[in-house]
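Just so it is clear, A, B and C label the chains in written order, and each chain counts residues from 1 on its own.
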Amino acid sequence: MFYLVIDILGTIAFAISGVLVAMDKKLDPFGVFIVAFVTAVGGGTLRDLLLGNTPVTWLLQPIYIYTILITVVLSILFRKQLKYLRTSLFLFDTIGIGLYTLAGVEKGLDADLLPVMCIVVGTITACFGGVIRDILCNEIPVIFRKEVYATACIIGASSYFFLIKLPIKPNYIYVVCILIVITVRLLAVKFKIALPTIYPPVESKK
Amino acid sequence: MFYLVIDILGTIAFAISGVLVAMDKKLDPFGVFIVAFVTAVGGGTLRDLLLGNTPVTWLLQPIYIYTILITVVLSILFRKQLKYLRTSLFLFDTIGIGLYTLAGVEKGLDADLLPVMCIVVGTITACFGGVIRDILCNEIPVIFRKEVYATACIIGASSYFFLIKLPIKPNYIYVVCILIVITVRLLAVKFKIALPTIYPPVESKK
Amino acid sequence: MFYLVIDILGTIAFAISGVLVAMDKKLDPFGVFIVAFVTAVGGGTLRDLLLGNTPVTWLLQPIYIYTILITVVLSILFRKQLKYLRTSLFLFDTIGIGLYTLAGVEKGLDADLLPVMCIVVGTITACFGGVIRDILCNEIPVIFRKEVYATACIIGASSYFFLIKLPIKPNYIYVVCILIVITVRLLAVKFKIALPTIYPPVESKK
């Protein structure tokens, strides 16, 4: 139940981020829906495929497709209002990655993976919906270029394996780790912290 | 048997559409073959992966790869003649999506999915070969931008679940639904029916 | 054991090729790592997914991710030295495709595929890491456009099925086939042999 709520909230958050990118590219309503759908379920689908959890979750639980459909219809209808929320695109994204990271960690644990691989699976779940979204929209994935994005997922997912050793109820640990992901990203954006560039300033001029 | 014939015809139709796009991008013969191959089997492969039907069909039945190989060789040899058929690119595509949509619906039924998910699986089978083709060729997928394409698949696949309740032989229903997909698309192109734009005219000018 | 060594060497070779392409695109360190990772494991991952070997290899054997991580860190630290090795990018690639082709053929044999399909699986293993790398970096995959690349894999993989009929120890056959792939590519590059163009010279002018 707790897991389902996490997943639905993340689905809505990511679908809206997909709608915004797709509308930027002037896609038609069907294209907007597909991009929103892929953004929302892409990371989890890749995770399920890599783990061999098939048929993938959203084929068995129609709630995901209906959730995304309603989100897309509402987003299109209220797209003018959405425009004013554009600056909060990153907020939706941030909540989504927090929720998805921990959902992914849980699936990794279910598959008896090593902690390091659970962290990888959590990060894939959170980040690859956006990667596939950017590929569909013919852009180099934004998370490869700027902002502490995946780093926030990795820190949050890693925290889980430290906190789980303490005498705290698992559900609390989940919430704390989700908040860690969100906090790390918000702080990074607020204080403009980014991964150090590895290119000399002269080269990046050209 | 009936299913196999459907699949081979669709394979040829899609492979030619892949050849035409790949030659537009001036790919070498190997690139042309890969794009044709992916266009032809990409939708079905994604469907098989999502459903967990592995090894995927074309790895077990060499008829697909040989069919595509022969189609590509003939298409390259007769590429000048093919050029005059360029306006019929959309006809090949149209037959292909009709055939593939119903092949996908059948696979969804085999996996005991809900009707709504069978429709999704049918649409993925029909449309995602073209999506992967466009991604490989570094384009925003054409079906996200114009024409009633996926819509035709959705209408045809949905018809199946209405017609199946009538006392008609399943094979006839298949043929009727395939024709519905083809008809919807042809009519849409002829009368220039497209999904309504969701962007204000001023914005789309820039 | 022999198989593991092949795989690790190929992983390092491909990861470096990924780092070089990613740094060309000015990705941040995380993006460089992901592109290196995908280049290194992408072909094998696609192979495992198509065959249904899940969870995919690298989720179960952390040695791959650690190998790639160390390779990326060293490549970034010594990136200036790497720059002088840029002309040898194709050498790393070449060794990698030789190693991966045969690793793929072996997996195809394990899955009881027909020889023609083992050759396809070997070629996918070798070539599709680079294809996914180029897609992530928003380029038309280089192997679709120039150089005898996949052709070398196909020739090397096919040789296996000829040589296996001779009374030679399998491990020797592996090494010979890997060397055939490498030799074919090196000769092709040295003598500028490419697949024949299928486009008339006038058209390619525009």
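Everything below uses one rule, namely that contacts are C-beta pairs under 8 Å (C-beta built on N, C-alpha and C of every residue); 3 or more make two chains touch, one makes a residue touch a chain.
All values derive from a computational prediction rather than experimental measurement.
Novice: Just to be sure I understand the contacts, which chains border both subunit C and subunit B?
Specialist: Touches both subunit B and subunit C: A.
Novice: In degrees and to the nearest 5, what turn takes the CA positions of subunit A onto those of subunit B?
Specialist: Copies differ by a rotation of 120 degrees.
Novice: Roughly how many whole angstrom separate the Cα centroids of subunit A and subunit C?
Specialist: 30
Novice: If I count partner chains per residue in subunit B, which residues reach a count of at least 2?
Specialist: 49, 52, 135, 138
Novice: Please name which positions on subunit A make contact with subunit B in the complex.
Specialist: On the subunit A side, the touching residues are 22-23, 25-32, 34-35, 45, 49, 52, 54-56, 59-60, 62, 65, 76, 79, 135-138.
Novice: Considering only the defined contacts, which subunit B positions touch subunit A in the complex?
Specialist: Subunit B reaches subunit A through residues 49-52, 111, 113-114, 116-117, 120-121, 131, 135, 138-141, 143-146, 149-151, 194-199, 204.
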